[in-house]
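Take a look at the structures below.
Below are two complexes that have subunit A in common, paired first with subunit B and then with subunit C.
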Partner chain A sequence: MTRQPPVYINSAASIHPPLDGVGECLPGKCLTAVEPDYKRLIPDATLRRRMSRIVRMGVAAGQACLQDAAGVSPEAILTATGMGCLADTEKFMNSLLDGDEERLTPTAFIQSTFNTVGAQLALLNGNQSYNTTYVHRTFSFESALLDALLLIREREAVDVLAGAMDEQTPTLYTVLQRLGCWKRAMAGEGAAFFLLSGRRTDGTLAILQDVELFSGDYGEQAIRERMERFLLAHDAAGARTLYPADYKRFCGEYPTAASFALWYACRELREAEGKRPVLVYNAFLDAHSFILLKPV
Partner chain B sequence: MEQLKQELKEALIEALNLEDITPDEIEDGAPLFGAQGLGLDSIDALEIILLLERRYGIRIENPSEGKAIFYSVDTLTAYIEANRKP
Partner chain C sequence: MRVFVTGIGCVSGIGMDVGEHLRSFRSGRDGLGGITLFPTRHDLPVSEVKAGNGALAERLSLSASRTFSRTSLLGMLAAKEASGDAAIPDGSGVRIGLVSATSTGGMDLTERFYPLFREHPAHGRLRYAARHDAGDSTERIAAYLGITGFRTTVSTACSSAANAIMFAARLIRNGILDAALAGGTDALCRFTLNGFASLMILDKAPCRPFDDTRAGLNLGEGAGYLVLQSEAALTKPPYCELAGYANVNDAYHQTASSPNGAGAYRSMKACLEKAGVLPHEVDYINAHGTGTVNNDASESAAIRRLFAGGVPPFSSTKAFTGHTLGAAGGLEAVFSVLALSGGLLFPNKNFTTPAPPAGLIPVTRYAEGASIRTVLSNSFGFGGNDTSLLFRKTDRQP
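Showing the complex of A and B:
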């Protein structure tokens, strides 16, 4: 088998609920992200004022990631979201109802499309490269990562910016609560971006070894067996596994929580001694994914 | 008239999401569009058109009048006063 070239994570940025677990927007119900001062990351006031919260979070995380890797212009921008720009979508849909399908405001519509963040990142950075948004519910972020891996391994791109964002709104919270989605973890939200590259730098955080997605009614034993096979196939049998409970207590539950988990794993890899590989296991309902990181 | 100006400024701030700007900072006679004023653009113009329709029942029939009507808070207020539906 031909050995695949490594894919490095050269920078990572995340906007997430506070790691001390006190960021609740609806007390006892939902973890809310701590937002940075956007003026530094999105200096254009006109652009900024039109962005909804999720767009600001996504664009700011992407910009922070690019700023950390100064001078890099990615050959692809890949964004992922499970629910898209939900607050603006709700605003637009409500104005559709209230105005009897007339007199619709343009801004909420323009900003409510799923690819808004990817487009804004491209515009802000004058980047005309491949730009795609993945909207595959719980698999959205992992799909973007797979695309990035393929682009870099097939030498279609050297540097790829990939990230994800999802926001929580009171309507979403209520609807998903009725469906029983908050039984295992509190509702959450966040945005995280990564600069993936075929080139190692002084700031490289980790190696992104592989991503695997699968769905179905898997029991604990079946998951464990699949995990062992995956780790053995990548010569990483001694990996530390980050289970959903390990990171969703910080970020909460949302479709692209795996992006926070990856950021968290990068942080662990950088700070931990011993440097074992880290496996991120994400699961929501019947969707499961593995993301394997190795130390540099 | 002064009350309408204040109300209009507050409505503009809300509709256009003018961060960090208070009604007092919007000068009555200053241009709303372009670099010398609030820096509004064509998307904002659409938002203002909808604001006038929804809030005051005013429909601008002749688009060529728009530039003069939307010049400043003073001109907008005068237009609303003259055309608002009771």
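Showing the complex of A and C:
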């Protein structure tokens, strides 16, 4: 294997349920993200008001991430969402049904588009670079992260902003409840963004070593074996693994929960004394992913 | 690592497969008609795929008792054709993935679920609701074709499928995959129709891309997929090479394109640079050309500027297929490959009067046997997304 240039995580920002909240999985509970004071992150009051909650959370997390890495103008903005802007979708659907297709205003329709947050981040920052959105269930965020990694390795980009957002709505909660999802899990939500870079800075949090996605009917033993092989291949046998239960007790279950896990892992890595690599393992149904971080 | 096209497949209002599309282009037959798929008070021309869900399922040999979104069914049909065309032999060891795009996902099924659900939260069939998310169609297509490797879904409005093709190419170039099915699928639904109606960009008459009298777009539905393969994994002579791609953001407005076409200009320019192709070497442009006043003015300005030395033959195929949104970049990539391999120039149906200030005149007559070595395909969308792909003829053999 040829030596790949390292990819650094230079800043990370997350909006998530309270860390000092439940702290354990209470099946059926619905966790709500603690939203920041948006005025500093999205100063335009009209724009702020027009944005729906998920758009506001996503844009704010992206802006916070960029502010932490002052002066950086990324060569790519990659966003991810499993379910997209559900509240806007439902709002437009309701006005369509209520008004029997008459007198519809387009705002909710426009905001229901999956790439709304990516587009708003481009607009707010006057950023004209590569901009795309991944929407593949559990693999949404991991796809964006993989794209970022490859862009930097190919030297198509030096700095890449990549992030994810998903919101919990009463309708989603009820539908998933009827599907039996909350028998063992807590509902969650959140938005998290990362500035990935080929350039190390004073603020560098970690090295993003690799991302691997796979799916299938894997038992616990098979996962552990695959994990060992993955870690060995990356010279990280002593890594500490963050299992879904380790972070979903804080953020709850949602398609892009791995983005919270990555933020959480970055924080751990910065604060930990031992400086071991951290493996973020995410799983939902038959979709699995590994994200490997190394200390700088 | 170079990336080649080895398979193509498509379905839209003008055909159920590649062959039928060619016949429709040749005879000048568009796919427009009234809305039959769902009840609506809108009386607008749309380009529906001429088969109901039952007929699509039958064509795919799927059990009638299973629930699939129309987006999934259309995607399966086109992806199956592309995959059969590439004919990667079983047991060849080629690692194949799927990068699919959609903007509506399973919305057609959600429209059957939600009206009942909102009356009572215990009502509405869950098998419909469970197909809502965009990833569902991709998973269905993958399962249908037995693709168990990497798969993901892209959604950037009307440029979605072009971005899926671009990401698939990156995965191949980096050795993550040897081959990928890449493209997009979108079914017409009431939600999308009303969304575009609320934006007031739907023409009540057949759309007229680049024409001075253009007054909006016609919606369509369909799916288009390419099989992309790495140079090392070629198992048959390819159609052509995907030589360049670029995605930029206009960063001008959430739904409108900049009047001077800055984003479109930069995406075409960056795409040519990536391919190492000069503007005068472009033989045909499959334009985004939706028929809206805004898009076509913006795209025309960009074409005028980039091809100042002479505008190559160009046309929009959307007067035939309607605007198939998340599928458009996939369908038009298939058309671009066909243009290269058959020396075809597709007519820009319904064009009569050049529109100032650019005053561009697209191809208005179907032609075969033209000398075409490079084709540029544009896909632009809401959110300022501008993506261009460049296909180039190749004599590369496996």
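Definition applied: the second predicted complex is superposed on the first by the 287 of 296 C-alpha atoms of A that agree within 3 Å, B and C clash if a C-alpha of one lies under 4 Å from a C-alpha of the other, contacts with A are read in each partner's own complex, and residues count from 1 in each chain.
We take it that a residue touches a chain if its C-beta (ideal position, glycine included) is under 8 Å from a C-beta of that chain, and two chains touch if they have at least 3 such contacts.
Keep in mind the model is a prediction, meaning the values are calculated, not measured.
Chemist: After the subunit A overlay, clash or fit between subunit B and subunit C?
Modeler: Here the two partners, once superposed via subunit A, fit next to each other without clashing.
Chemist: May I ask you to name which of subunit B and subunit C touches more residues of subunit A?
Modeler: C
Chemist: First (subunit B), second (subunit C), both or neither: which does A:R49 touch?
Modeler: The answer is first: A:R49 touches subunit B but not subunit C.
Chemist: Regarding the shared-chain residue A:T32, is it in contact with subunit B (first), subunit C (second), both, or neither?
Modeler: Touch status of A:T32: no partner.
Chemist: Go through the superposed model and pick first if A:P106 touches only subunit B, second if only subunit C, both, or neither.
Modeler: Both partners, subunit B and subunit C.
Chemist: After lining up the shared chain so the two structures overlap, which partner does A:T204 touch, if you call subunit B first and subunit C second: first, second, both or neither?
Modeler: neither
Chemist: Return first, second, both or neither, reflecting whether A:N131 touches subunit B, subunit C, both chains, or no partner chain.
Modeler: second
Chemist: Once both structures are overlaid on their shared chain, how near does any Cα of subunit B get to a Cα of subunit C? Whole angstrom is fine.
Modeler: Superposed model gives a least subunit B-subunit C C-alpha distance of 9 Å.
Chemist: Let me check the overlay on chain A: which residues of subunit A are in contact with subunit B and also with subunit C?
Modeler: Residues 104-106, 110, which sit in both footprints.
Chemist: Touching residues of subunit C toward subunit A in the complex: what are they?
Modeler: Interface residues on subunit C, with respect to subunit A: 40-42, 103, 105, 110-111, 114-115, 117-118, 121-122, 126, 129-130, 132-135, 138-139, 148, 150-157, 163, 166-167, 170-171, 173-174, 176, 190-191, 194-195, 197-199, 247-255, 262-263, 266, 381-385.
Chemist: Under the stated contact criterion, what part of subunit A meets subunit B in this complex?
Modeler: That would be residues 45-46, 48-50, 99, 103-107, 110 of subunit A.
Chemist: Touching residues of subunit A toward subunit C in the complex: what are they?
Modeler: Interface residues on the subunit A side: 77, 82-84, 89-90, 92-94, 96-97, 100-102, 104-106, 109-110, 112-116, 118-120, 122-123, 125-137, 139-140, 143, 146-147, 150-151, 153-154, 171, 174-175, 178-179, 213, 215-216, 255.
Chemist: Which of the residues in subunit B come into contact with subunit A in the complex?
Modeler: 15-19, 39, 41, 43, 46-47, 50, 53-54
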